[in-house]
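Following this line, the structures themselves.
Note that subunit A is present in both complexes that follow, paired respectively with subunit B and with subunit C.
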Partner chain A sequence: MPPKVDREKCDGCKAENEPLCEQICPGDLFTLGEDKKARCRMPRDCWDCMSCVKICPKGALETRVPYQIGYHQAKLIPLMGTNSITWTLIDLNGKVERFHYINRGSLD
Partner chain B sequence: MENKGITTLNDIKTEIIETDLLIIGGGNAGCFAAYEAKTQNPALKVTIMEKAQISRSGATAAGMDAINTYIREDRGETPESLVRWGRAQLGGGPIREDLVLSNAELLNESVEMLEEWGLPIVRDDEGYYKLRGRWDISIQGEQLKPIMAEKAMEAGAQVYNRVAATNLLMAGDRCVGAFGLGVRDGKLYVFQAKATIVATGGACGIYRSPVTDYTGSHHQTWMCPFNVGSGYAIGIRAGAEMTSLEQRWVAIRTKDFCGPVDTLAVGYGCLMINGRGEKIMADRYAHLGGEKAPRFLRLNAPMTEWLEGRAPTYVDTTRLSSEESKELREDLLNERPSFVLFLASNGIDITKEPVEIFGSDPYIVGGHTGSGYWVDIKRMSTIPGLFAAGEAAGGSPNKFVGGCATEGRIAARGALEYLMGVSLPAPPADQIDREKERVFAPLLRGGAFDGVTAVEMEERLQRLMDEYAGGVSQFYRMNEERLEHALKQVKVLQDQTRYLFASDLHDLLNVHEVIDRLSVAEVLLHHLIYRKETRWEGWQTRMDYPEVNPDLDCFIESRRDPLSGEVKVFTRSYEQLVAGDRTKG
Partner chain C sequence: MSLKVTPKIAIFFANEGDELSQSVDLAALVPRFSRAKNVSCCEVLPGGGAGKNREDIIAKYQQGMFNRILWVGRFSPEQRRNWESDLAAAGLNPYLQEWCDLREQGIYHEKDLRELQTQKAMILIQMSLARTRLLEPLEPLCLPGTDAVLVVGGGTAGLHAVAALAQAKKKVYLIEQQSAVGGKVAELGRLYPRICDPHCGLDFIIQKIRKTKSVEIHTLSRVVAVEGGPGNFFVRVLKAPRYVDEERCNACGECRKVCPVVLPEETSGPYGCQHAPETVCESTFRKCAISPPWPLNFPTAYVIARPLCPPHCRKCEKACPSAAVLLDQPPTELTFRVGAMLVTTGWDPYALAKVEEYGYGRYPNVISNLEMEQQDALPGEIREVGFIQCAGSRDERHLDYCSAVCCSVTLKQVLALKEKNPAVRCYIFYQDIRTPGLGEELYQRVKALEGVLFIRANPAVVRPRQDGRLALRVEDTFSGKELDLSVDLLVLAGGLIPSEGTSEIADVLKLPRNAEGFFESHLPCHSEESQRTGIRVGGTSRGPMGIDRAIETAQQAALDVLPFLQETIEVTPTVPVLNLSKCDKCKRCMEECPFGSFLFDAEGFSQVDLGRCRQCGGCMGTCPLLAVSRRHSTIEQLAAQVRAVKPSFLAREEPVLLAFLCANDAYPAVRRAAELGLSIPLNVFHITVPCIGAVNNALIADALAFGSDGVLIAGCRDGQCHYIKGNQLIKTRGDDLKAKLQSMIMDPRRVRLTNLEIRDSRAYVELIHSYLKELKEMGPNPFRA
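Let's turn to the complex of A and B:
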């Protein structure tokens, strides 16, 4: 809301008929622009579930909080492992925190 | 523009698919229904019509941090005690105790299936699922949706992604499948099915969200905004009986950014406080259960602090240690990750300052309250051949993840039994032609057409409902004259749907979403008008009838006549099966 596309990193998932963000978005919000880069056609309609950010193989997508309610420039970056996820959180003052945990299988 | 070269009705391809069982909506209930059906009878053809992509669609797209109901038998809990708690949560009901009981009996098994499938469930020192409240257990559920989807597919269900249900396919009074709009390929899908289960999400976006105006982001909502009520709408238009739509779900959420409050309040014991630092529930609502008061009161109480001059309202997170803060935010990352980003964007350290809370917009969600299709014990609706489960099925509130999963299984069993004696009629050409024209007309109006966009109509509906039918801007209050005004305006909007136009297939989807929201809004208003009392303050507050009316201790039902369009409202009585004081859980 809106997911911001890094146009340098995005390659439009060349090997796919549809880029992965277009395939996965629950709101059917992604499409390929004329420049063959991912484009969110209705930024207002994003629910920030971050499914697109998680699936992007290029790390080209970033969920942003609208400036009206969140200052520039905090970041939340998920990294998907096989049975785990690692989140990097950077607050507006640049303080970094990391969260790593199991998201599949046994917790033992 | 992505309209697949469609310029006339003749350009639209029709795809006819025959199946034994059609499941509309590949969410929580839908995936479990598919798994159950294929496991019980692998020879059956089971088909899922999914509006998005089944791996990350609907309410659990981002994940979940808890399963809100699990019966810890070692603690003396039973299906009966879950019924007692559930009806007390509704202020004494009415609830369908038969449905809740049958669900509760299979509930634990469904939760255990999820763990077996790979969902990490946190255990306590004794090896039991770790409770975070009386019924809620903690999960690390970031992958909840992909896990359920994989199991449905592995079991052999065939999934049609990016096909949105538009109407039911009928043979007389019987349901024999459904129509779908191919959002990517521009086809009209005709699923012919011996039995059909509606397992869609509930309805978000009937009302305006409180955050819409000042963020430019329209979907700061608790419920998934892509769940627009289509599952109800297709039944309403076909004449199915709906129950308890007036029992709206409204959640207390974090303010300005719609984040979870229960995770903080229930999971971590952070109490709700007002601007003076007073504990809202313990100080003012002890007589109604204090912190354990029903959910509608836990919404209405902080909102009352705003009205009576004691705002802002918070959950007091300042008692947390920094380790607990990290653990809590890890939970939030499993369900609403962007809320953690919101906190970081504002430099909020929750151990130093409390988190502000406010009410959400109202939703119609039968997995949470009692709204939805009236169903029999096998989850068949009043339309033969049409079953409902999860958010779509009414009468049994507080299902949440585990209960919706279970109801999917129960509906699948019922559907399997039903379809054994059923054969499919030939595809009805006239019905297909009519639906094709209805669905695609907004895409074929031509470039010069002077009309209305889906967004314009959606926003008009949402503002109308907010102001006249008890939205958040009105602190959920309503009265007869306002409701009648809203109903009159909804009729005008329904008439104006002929001006809706779409320039591509995504637009066309949006057009049908607003049409479906109007179908739900109309019937919802009839329900709200009929309940001339205030039974669930906050969820259903009638300023002109502020007290509970004992004569309305019953279900409010509706049926829209498919031919005349007339909506009839009537009642059904409450049958108490589990003994005891209904307000005590």
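Let's turn to the complex of A and C:
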């Protein structure tokens, strides 16, 4: 399911030429709208890789879990640490599962 | 990047007076850490490390047994400094030492808790050890500097700064937009409290400046652009033509005799008192196109108001015996390379016409206090004069603030008036008379005069009468009586506002200003700071003040810029470093830096101007890609510390709290709490950061992900941050993070911001206890193992 932009939170990366989500998206789907907020221009092409969700410094992006894994209300939320990610998976019954992964390699 | 040497860490426990061994089991800790990774030596120093220990440690270092040190135990700041300097003499870089104070972290002589305290000590030492492994040797950075300084604004404050800097043998460029220096003070009649002539003081300082050769004065000039940073500012100045050669003109006045332009006597005040230019040449009284400089005759060369010249008139050129007139002089653009800048752009009077009820500008005998300075120009038959204080000041419709000088100015004017004409009656309408400090004497002197009446009220009605006098109706708030008075002259004590030049230079230099338009600064700690390194402000551009304070602030500002006027400027090496392979030019660092230290490099990446940077680490806190690290508290070092917190030493129902402390306020408060013997719970771990703005959200996420139940971020109180907006930065970022936690079905209260002052030790301990209670109610963090 395509990424959803919280327009209240999104600051368009302070109106730079390319916001971070635009830079990271492997499908080059993001662009800055006329209101200087990020916008997914081809929602159907999204692969749900969640790169944009992970990189957004304002926490303004959200993707829904593909229907093969969970239906409408299900959510998968990453929280980025310095060298680790925690995932919170909320399924359509509201059941919460959490995972914590430490990245390999050092910070630099 | 320096060559990486494998760390060989020595851990020294300072067990002075058995303080450590009473609270923790040293016999268990020492062997445990002897085996730790990268640790080559782990010892207990019996006497805290004086005398023999010192030689012993230095000898061991010189034998190559270790190349960095982790000190565990209590060390006073003096002890730390001594160790650092002693070891630096032996060759150990001071940045390769880490200090781990267990007492600050709540480990104290509690016999019952010895086992638990030992376990906490283990984690604390692990945390410090993780950091010690990542320490890097740092040397002070040297930036090229310039031995010259530029002062903008040649009023009293500017002149005193120039004199001070010239005395310190610096090259000084003074930029003044009028045709001569002197500023507002040259327009004044008398100075309080000595009731002396301001020209005396100005002349005195100008004599001083004249004697030195290192001062270059550029009049009719304004700063148009600035490039570069502290140590190397390149300032572009546009100099309007004077049409008279400054070096040749000797102010003989021959030119004025032939000038065909005759101007009517210009009257700026409706009552006929004027800010007449000081006439140097006694024989010339009429105003013409060529005239002496204003407001003072320094520099002495005349100046031509070229738009007034009739076409093709070149009479002055022919008349000048020194061939100094240059009627075709073009404007010039000059560039100065200076190490620092000083802004003393001063004040303007508040436009009193806006205070409509007193009729300034409508009635000829209502004048401003600045016009009242020229008392000699007043007609002689004045019998009664009214003075209205706070005309436009301390008034929500006009200026919110007190202009600080108007009370004393009025008192001074009354004194001068009475001296000249003892029969004159003065009414002073006031809200409060404010003559702080020794100024009280002036107030008492005026109060004792006969025929001076203080009325605590401002007139409600000011009307002109048939005979040309003014009728005032005023209700005296003390007696409650309504008074009908009439005066010959009404003087409005108007307030001070930042001058036009102040606004102009603020735009060029991008200096932040407060709501009133004055330059903002952190008063108790950096009073002359302008929030831009290498640029200092002084005088009334900082706020309303009297001449004495204006001179003091300007001289202090001059003292403050001296370090930038060396051949090399030494910069503490704890600067931010950008990892360009990670940076993707999002330029959040540039947006959020409180000091405007970031510039674009040739490829569009952010680049730190090390001279401007104040090393708060706000950029490190803000970078979404962790590409910025402030040296000596790098993101890796902080992350390693956070990761070493192991909450499992406590039972699962006991919450563990990680607190990030601002080094300026919160950390001293905690240190003091330890000194006072307040009980800091074992559940809390402290990590000190240069400013809470440096705490990246990723670090908070790490803390939660590795099992801490709560994260406390303790910074300064609002408006007290040394780095101006550290608390605001963390507040916005914290709000974003809390919203995310909410969506993750985690209690957003697990992240808490608090503001502490340096003496808030008790408040801090209370806060920790109540927060721990709250966390206990929330239950353990879902990520806690």
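Everything that follows uses one rule, which is that the second predicted complex is superposed on the first by the 96 of 108 C-alpha atoms of A that agree within 3 Å, B and C clash if a C-alpha of one lies under 4 Å from a C-alpha of the other, contacts with A are read in each partner's own complex, and residues count from 1 in each chain.
Here is the rule we go by: a residue touches a chain if its C-beta (ideal position, glycine included) is under 8 Å from a C-beta of that chain, and two chains touch if they have at least 3 such contacts.
Just so you know, these numbers come straight off a predicted model, no measurement behind them.
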**OP:** Report for A:G59: first if it touches subunit B alone, second if subunit C alone, otherwise both or neither.
**Re:** second
**OP:** Answer with first, second, both or neither: which of subunit B and subunit C does A:C25 touch in the superposed model?
**Re:** first
Subject >> Which superposed partner A:G70 touches (first subunit B, second subunit C, both, neither) >> reply: first
**OP:** Considering only touches as defined above, state whether A:C40 meets subunit B (first), subunit C (second), both or neither.
**Re:** neither
Original post:
Which holds for A:V5: it touches subunit B only (first), subunit C only (second), both, or neither?
Top reply: neither
Original post:
Looking at the overlay, does A:C49 come into contact with subunit B only (first), subunit C only (second), both, or neither?
Top reply: first
Original post:
Given the touch rule stated above, what does A:I90 touch, subunit B (first), subunit C (second), both, or neither?
Top reply: both
Subject >> Common interface residues of subunit A - those touching subunit B in one complex and subunit C in the other >> reply: 23, 55, 75, 90, 106-107
Original post:
Which subunit A residues qualify as touching subunit C in the complex?
Top reply: 9, 13-14, 16, 19-20, 23, 55-59, 62, 75, 77, 79-84, 86, 88, 90, 96, 98, 100, 106-108
Original post:
Which residues, counting only subunit A, touch subunit B once they are in their complex?
Top reply: 1-2, 18, 23-28, 31, 41-51, 55, 63, 65-66, 68-71, 74-76, 78, 85, 87, 89-93, 97, 99, 101-107
Subject >> Complex contact set, residues of subunit C against subunit A >> reply: 579, 582, 584-588, 591, 622, 624-626, 635-636, 638-639, 642, 696-699, 701-702, 704-706, 736-737, 739-741, 743-746, 782-783
Subject >> Complex interface listing, subunit B residues touching subunit A >> reply: 2, 52-53, 55-58, 61-62, 118-123, 140-143, 147, 162, 183-184, 211, 214-221, 224-226, 256-257, 326, 329-330, 333-334, 337-338, 340-342, 344-347, 506, 509
